[in-house]
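First chain A sits with chain B, and in the next complex the same chain sits with chain C.
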Partner chain A sequence: MSDQPLLKVTDLVRHFPFKEVQGLRMMKATVQAVDGLSFSLGHGQTLGLVGESGCGKSTTARLLTRLDEPTSGKIEFQGRDITHLKESELRGIRRDVQMIFQDPYSSLNPRHTVGSILTTPLKVHGLHQGKEKARVQELLELVGLNPEHINRYPSEFSGGQRQRIGIARALAVEPKLIIADEPVSALDVSIQAQVMNLLGRLRNELDLAFIFVAHDLGVVRHFCDQVAVMYLGKIVEYGDKRQIYDLPEHPYTQALLSAAPDIAVARGAQRAERIRLVGDVPSPISPPSGCRFRTRCWKAQDICAEQEPPLVPSTATDAGRGGREKGLHLQACHFPEVKPALVPEIVSA
Partner chain B sequence: MTATAEQFTTTMGEASQAGDVVLDVDDLSIAFPTEEGLVRAVSNLTYQARLGRTLAIVGESGSGKSVSSMAVLGLHNPKRTQITGSIKLDGQELVGASQATFQKLRSTTAAMVFQDPQSSLHPFHKVGRQIAEAYRAHHSVSKAVAQKRAVEMLDLVGIPTPARRALQFPHEFSGGMRQRAMIALGLVNDPKLLIADEPTTALDVTVQAQILDLINDMQKEFGSAVILITHDLAVVAETADDILVMYAGRGVEKGDAKEVLSQPSHPYTHGLLQSIPSASDDATAELKAIRGAPPSLLNLPSGCSFHPRCDFQKLVGAACIDTLPEWRPTPGLTGRELRCHLEDPVATLQNDEGAK
Partner chain C sequence: MTSPFTELERAGGSGAESAQAAALGSGTPSRGRVLRVLRRDVGAMLALSYIVLIILMAVFAPLIVSVSGWGPLEFDQSAIDPNLGGVPLGPWGGISSTHWFGVEPGSGRDVFARIVYGARVSMTIALAATTLTTLLGVTFGLLAGYFGGRTDQLISRVMDFLMAFPALIFMIAVLSALPAGNRSTLLVVVISVFGWPYLARIVRGQAMSTAQREFVEAARASGASGTAIVFREILPNLRSTIIVMVTLAVPGYIGTEAGLSFLGVGVIPPQPSWGQMIASSVTWYSVDPMYFAIPGLFLFLLVMSFTVLGDRVRAVIDSGEAR
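Then we have the complex of A and B:
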């Protein structure tokens, strides 16, 4: 049991077919939102999914919670295949896997009181019967809200407080895994840290596993153990956060780290090198052949257009840095090369 | 590319040079009467923007950073807005000015780039035509000449095959391209002041870096003043020259951007900086968050608006609650100003950092 990962994803694919008008004809086309994802997550671990818009990180989150059904591939939760379960069979999974959404304004029903928002999941799963109110108050206290506010409506709360309600709702059914889709990006800067701290505290107290979807690299480094960097529906690099941030091997990871503005610059840190990509992310409707990143990559050669690079163990792991790296470091590039110090670092005089 | 820029710079004001004040905002207050009461969006704001420099106005939502800049372009409905104080753009007083005055100044003296290029370009008109139209509004030239200028501008902001792109509609552009087109539109009449309101918030990280670089490059070419409105201190750290930190409609700290961010003297700036995790830092300890939430603009706290959330209020005592601190030079630092009652803010905040 203990060897079994909490969540195992194999070759997950989600294509959205749609019809497109071309001249006078309707053409069939597909958005290849997620195309062959594989990873696994242990109990109490946190995996960060990072990437730009259109890379499929939110679609992945929706697939893992089975709000959406994969086109192919396999999702196993505690050893059980949940890929194509029917709604009625999903109820047990719903209790174990919960989601926190990005926008605290649209993810809470404005016509329900906080009490009713938090009681519904308890009723659905038949938990704490007869003592729902006490449980709801306990939950409110857990997320740092006043238990007396049980009869208030979402509109009476600020954005940060609403996000706390969303967190309390996810925790109501005592899940094992929480999928958090950009949980702090809609919040003000001074509130973000409060919510991050709350999530961190809850993770430790309740031994929760997290899939943490975010675009803010600082937030991900702070919160996650493992990081998967996604580009156009595929994982291009996966590893321990130190491997990803300090010894990135895939050119896209390197470009992302180099482009993200970082607060450390304010503290006098400097970047050793700046990488600027040209152009935008291509459309996932007709992604480039071979390596999907090749159209923006400075290393691209003929082979990149012909062959898709597989996600393989990094060759540089454990090289030179005193074995600091442990665990799996995977990358998908034909010409991997470690580039350290892309995030700004304090240069000691 | 440079030839175009030189043509533009020669048409710029006669004796203006880098460092000249283009925008002088003095004691500006903006309030909106609503059914629930008066929303004090901006109170007693004072700042200056200089040619050739980028001023970052930083604050959270509701801090008044956008509202104050919209007043510079006369974008508030005068019937529903109470504006007092003074806004001098290139020497001309704008508080109480007529729409005709604003019409003349918009685009030629001050232009704005908005957050969402999708909704700020007209979806029914070709991109080139929109830029040409802005040019023709202030120059009596033929459509063909204006169109040529539009293509030049698109080229200047780094849009490949500009002649073909000019004949496309905004929906045929990607997000980053659209924001480039917006910048071309903003700069077509060579304004002395470009206000960029969260210009990269809707964009992806790698595209954001391109656009920030572009704004910097354009500023060097055109020598204009840039006001960068943002909530992202990391963006400020990497792009701005000067900074004005706003909280609940008031300025709280200003000075050189790098200096303010490396050595903040106001407890709010200090708190913000401490609460942001860095991508170069492995620490997983709890972030040092500012407690509480920003106040409602309908009902601002007495004295210093930040006092209910401030960890240092107890060091000062009742003054924070009773009296609004005035702008004063930051003790021990040159070229810096703040609004705080703390006697020696720099040392106090540094001790706090050490104690962390």
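Then we have the complex of A and C:
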């Protein structure tokens, strides 16, 4: 296998233009949902996209599956440029890239049986012709559902079971890459764990690459190899899971991690210093000049308003910190600073 | 990867989930539920029985007429009084054991036979017009709602035009100007052309909101084509709306057909229709009110039955979806 990445994204931009009436004038404005995203993903790797709501995570997911068309930038899948392919040319990509949706109540058509929902992608791509039913039962078994439930309607299942059906649908066409848009955030915590374990098992068994969009840092830590932290349409820090969680350098990442609930603290341990962010996320219609995070950053200086900090290798990498630093660790702050281990490891049994 | 949750998954399996599912109750397959609720509804059942009765009457018209003894086009001079300008002999417009609903003043044709055959005209035209409007309305509504943009602009402007158009005047003009070849077909076409936008407008709105649901995205992500999404994913979700709209459209078209026949541009005599009978009863209402009352009552009951049924079906479906 060549060392060509499975997915390569360069400078991805999605702006939503809209018109706004101000007095008697019609103003044109744009929501800069995603503004210059670059990353790449290898076969079988898992990238977590984290950030608070409205930072462009879901838009990114829709762009990567080409449910939406980017304003500019480039998406390459297995070396092929798929940025502006027409719907008819996308068929092949639709087989290799699948999506798991956030809301299991909205993502399954209530008028179709499970069998029919899972057969549709097989028919579209002409897979397992004549043996669709066997394949559907195999899929149900794969995701831990009873194959005999093939003729039931989605309303006869619970949220977790529905999400399993959604996962089975994504797996039906044997994709190489799965984009999961907050696949567990609509589920109960106990069910979340089951679904996450299912995804982990499937990833290992089927050698899938994942892009995992989430706002739950714990889930991402449990599941992902690489993590990209997004803020207002941009990546502010990117790196290996350990680097991001143990040695975050960007103040936003540090703030996010310090806000995550912490089992050790609940057990009475001393809580690491909690960083409280003030104010709301600025509007993506007119993001702040320079560094987008500066309006809420406690380290902000004049330079932050004037110059946009580029995504550069982290100071820790430069310093060559022991053997822990492997792989790329990028951050976009003028004043990066290591603040180690804000969140203790989840205690494994 | 060691996982803190493995135990949970193994132990819980789908046990916890299926308990949750059981608590939710097994819902959807709604057809059975709608019928079950309707069966307990006296009004809906009465309406349905009347509709079935009229349909049977229309289907078996020749048979029924052969039993009653008089065809719709047979003149019975013995049943009218030629000295009084053709007023039916006997009380209540000549109701007797030979003429069950009396006779038509002036000609002596059997009113029962004409009602039975008139039901054919009313039902055929109303059902055909409903089928055609539903086809047009659903198709254009779905296309406009799902594809949006230019398709929507075009279809919506045509709908606006047709809805703003003085349809009744146009229908009268067209029907009286065109050669009276096959009036029934012409009626169906004219009624449908002006009728479909009312359904299409509602279907369009519903299609727009359904298109926002994630299962439509999921179908796109699977590579399904636009038309497949429209007809396989969206259409089944509009089923209840369409059923309601259709049951409410039928009485409207029955009324329209009767109205046009009343105005003299409906089916051509001597073929009987209820609207035409009401029209010809106008000159006789003071001496023979029954000739007006009988077709009027049949028409009234039929329109009311469809309206009641449509309304009850809507209520049941709405309450089911609100649940």
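Here is the rule we go by: the second predicted complex is superposed on the first by the 333 of 349 C-alpha atoms of A that agree within 3 Å, B and C clash if a C-alpha of one lies under 4 Å from a C-alpha of the other, contacts with A are read in each partner's own complex, and residues count from 1 in each chain.
In this section, a contact is a pair of C-beta atoms (placed from the backbone, for glycine too) under 8 Å apart; a residue touches a chain by one contact, two chains touch by 3 or more.
None of these values were measured; they are calculated from a predicted model.
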For A:134, is the partner it touches chain B (first), chain C (second), both, or none of the two (neither)? neither
Identify the partner contact of A:108: answer first if only chain B is touched, second if only chain C is, both if each is, neither if none is. second
First, second, both or neither for A:261, with chain B first and chain C second: first
For A:312 in the superposed arrangement: first (chain B), second (chain C), both or neither? neither
Touched partner set for A:98, first chain B, second chain C, both or neither: second
May I ask you to decide whether A:121 touches chain B, chain C, both, or neither, giving the answer as first, second, both or neither? second
In the superposed arrangement, does A:200 touch chain B (first), chain C (second), both or neither? both
Considering only touches as defined above, state whether A:190 meets chain B (first), chain C (second), both or neither. both
Contacts of A:156 with chain B and chain C, given as first, second, both or neither: second
So which positions on chain A get touched by both chain B and chain C? 158, 160-161, 190-191, 193-194, 196-197, 200, 222
Which residues of chain A touch chain B in the complex? 52-53, 158, 160-161, 188-194, 196-197, 200-201, 215, 217-223, 241-242, 245, 255-269, 276-281, 343-345
Sort out for me which residues of chain B touch chain A in the complex. 60-61, 174-177, 204-210, 212-213, 231-239, 258, 261-262, 271-273, 275-284, 286-291, 293-294, 309
Give every residue of chain A touching chain C within the complex, in rising order. 62, 65, 67, 87, 90-91, 94-95, 97-99, 101-103, 106-112, 120-121, 124-125, 144-146, 153-161, 166, 169, 172-173, 190-191, 193-194, 196-198, 200, 204, 222, 346-349
Quick check: in the complex, which residue numbers of chain C touch chain A? 1-9, 12-14, 16-18, 20-21, 24, 26-29, 213-215, 217-226, 228, 232-233, 236-237, 239
